[in-house]
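Two complexes are shown next, each including chain A; its partner changes from chain B in the first to chain C in the second.
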Partner chain A sequence: MEKMRSIGLALGAVALFAMAAPAMSQGNDLSVGRKMLVEDNPGDLWIDIGKELFYQKRGPKKASLEQCDFGLGAGKLEGAAARMPRYFADTDRVEDLESRLLTCMTRLQGFDRKGLVKQAISRPRSKGSDIEALALYITSRSNGMKVNVTLSHQKEYDMYKAGEYLFYRRSGQTDFGCVQCHGEPDKRIRLQDLINMTSKAGAQEVASTWPAYRGAHYVVRTMQWRLNDCVWQMRLPDLEYGTDYSIALTTFLNHRGNDAVMQVPGFKR
Partner chain B sequence: MKNNNWLKWSAYAVAGLIVAGCATYPDQATTKQMAEKMVFEGFTYSAEHKSRLVQDRSQQICSKIGDEKLTQAEAAEVVKLARASIKFPASGKLVGDWKTGDKLAHNGAGDRIRNGKEESRKENGALCQNCHALAPGEINVGNVGPPLTGYGKQRGNSEAIAKYTYEKIYNAWMYFPCSNMPRLGATEHLTPEQITHVVAFLIDPQSPINK
Partner chain C sequence: MADPMKIRATLQGDTADVRILMRHPMETGTRKTSSGVVPLHFIQSVVVQHNGKTVLDAQWSQAISQNPFLGVRVKGAKVGDKISVTWTDNKGDKRTDEVAVSAGS
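On to the complex of A and B.
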């Protein structure tokens, strides 16, 4: 309770700050406003929430997530997220951090998958979802380390290539694939800067800054949320959380973003 | 000759790797098969919305991976399909009302789907502002496409320009196969009537774009 109240207060302060932000970014260099905000990233608040959720005994099976293997052994979090997506033998599939969380929260803690998926992406201005906080906490344990998504299992190679294919695949009312908005430097949709993800630097920015605090929503957002939002702009139907479509794209982008230094939560508009 | 030998040996080597079960990149056909399956398993959709995921022939051609180039034959096919797609408005008039076009050009909404429902709007926006600079001095404009500021002032408003502009908006790929500009009429995002209004917004001397 005490905790929630302090978050509420902090969020109030952020709201004020965010209102001032557009004025700040009127100058030539939009990134100045961004950098100033990063120094005091409100997303940090969710790291502790995620940590508590991680060690608490929860769910029908009253278990913590300490037995969950994120690729480096049960409960070993140091550097684990920097190596995801990766192949997991126990599910025989490539999983990104969020789909791995779904696996462990259903198998170890006994949560219902449907329920988790339904709540995975929180409402703007809410206190966020469990998965958002957990994903941030776990990823923060890779801060300062290099992204290192290796391809060694056949299914990892397959995922990478599928992700590449999907990045260029155009369909729907607007003929969009990802590359139409993320394939050239210095492009904008209205005033929103588009990262060129076909460049190493662009892929590195993506691979090292999610989950991120989203100023416009006052919550921490994950990669699956971001893909969800882009797909919505592309006029495609509803992206299903944790399916191979987004895992493939994430594998493609993160592998190409190798050697970037992890720093989460990122701060996004 | 030397070259040939080298090819032969590397073919043996690849075969050897596969026999040994070594992990490697899948070939193009396998990749396509796997990725296409991911598309249709990765979304929830109604029968009606499934068409958003299915590629038409032009989209298939225009989804080149990485630096792979369009062949001349492919480009010609896309242009041909684009030409065949053009429908003119029932009235036969290609230039509508620029004020309506102004509103449409600045409207980026329409056709988006959330929780199985399409956003409810009287009509779709034309999306131009997302990608193009329009009237002089507007700040909140994209630069994915070239600026359209002064479009009519530079080109005039002859019948030929009206026709070109109409066709360009209806199906951009008729003049530039596989460009990043959506085929807004051909995909039915916009109706022929809506397009005539946007044409007016671009070429009418009274339009703010030409001030």
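On to the complex of A and C.
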């Protein structure tokens, strides 16, 4: 009898502890696990693939991407991605890294834009797309540098303002806006904690961790994919790859995330 | 066509901390697409060698994830020692990569 009681007590203590634990460590356990994953990130494998693609002579025009200007001069990659999106005089528009890649791959290498866009976001469990690998390689050359998206050109400022508007704007059949999921701390969808992007730290996390290895898809994903998926989750019309809608939101978030230290590939669940 | 691995080997005391990333589809043989079942394709054996001496000989199954990660600690290693990793999959594909142990922090 005495023994039984002590077992009951012990069980009670265990149950109590189990109940107390989630409340105590909300968010913490997730970040611990995430940290372990980042150290040996399979996304690293795609950096070399992207590098090879960058220097290879490809496309109908048999050209490499070395003549592509990412804002700091042709072929200059160090720190270039940390300053994007930015205004480009040759296309007279603000471009993020991926739409800039599209520009160069069509102009320099002669690829068909439609074909590129169709393949830009790879299927889960595939070998990944060229653009995903290229975007990762180019962004990885900014690793350790600070995000610095300036709004010095009028069109950059306009893009930022448009992005701010879109971020807070509710639209579509479910009357959804980015801000509803990403405007408050400690929100979740099932086990995924959502970043509060109205805070500086939240915006910095966004600006410095894409492209990232998406665990459940086994491929490297880019910011364009993330936005595409958000738009789909909000049941809005499909987001076309590299359109102004996506560039506006990226400009808004990256500018707000200025001074974050770039560290790609990130790791997402 | 096998893709290169990423291997890090850093010395911690007298033990080398070896971390290996492999790129492999690791098909379970049960996944279905619109064109039918995707056939089994997985790494069957992984051999880790320390200066030519086998320190780990593992037999894997299709239960290992895509793009697998493997961590091994090799006792008695010194800076500059060669760590080589070889995997062989069920289609006979093979890949070997080698690194030298670097000094830890």
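By our rule, the second predicted complex is superposed on the first by the 241 of 269 C-alpha atoms of A that agree within 3 Å, B and C clash if a C-alpha of one lies under 4 Å from a C-alpha of the other, contacts with A are read in each partner's own complex, and residues count from 1 in each chain.
The working rule: a residue touches a chain if its C-beta (ideal position, glycine included) is under 8 Å from a C-beta of that chain, and two chains touch if they have at least 3 such contacts.
Here the structure is a predicted model, which means the values were calculated and not measured.
After superposition onto chain A, the modelled positions of chain B and chain C are compatible, with room for both.
After overlaying the two complexes on the shared chain, residue contacts for A:P42 are found with chain C alone; chain B is out of touch. In the overlay built on the shared chain, the residue A:Y218 is in contact with chain C alone; chain B does not reach it. Applying the stated contact rule after C-alpha superposition, one finds that A:D229 touches neither chain B nor chain C. Counted by residues of chain A touched, the larger count belongs to B, out of chain B and chain C.
With both structures placed on the common chain, the touch criterion links A:R125 to chain C but leaves chain B unconnected. By the touch criterion defined above, A:D158 lies against chain B but remains apart from chain C after alignment on the C-alpha atoms of chain A. Least inter-chain distance for chain B and chain C in the combined superposition, rounded to the nearest angstrom, is 16, based on C-alpha atoms. Across the superposed pair, chain B and chain C touch chain A at no common residue. Against chain A, in their complex, chain B makes its touches with residues 23-26, 30-32, 34-35, 38-39, 41-46, 49-50, 52-55, 59, 62-66, 108, 111-116, 127, 129-131, 139-144, 180, 182-183, 187-189. Interface of chain A with chain C (complex): residues 39-42, 44-45, 48-49, 125, 218.
For chain C in complex with chain A, the residues that touch the partner chain are 3-4, 6, 8, 19, 21, 23, 25, 31, 65-67, 69, 71. Across the complex, chain B is touched by residues 151-154, 156-158, 160-162, 164-166, 168-177, 180-181, 186-191, 194, 198, 231-233, 235-240, 243-246, 248 of chain A.
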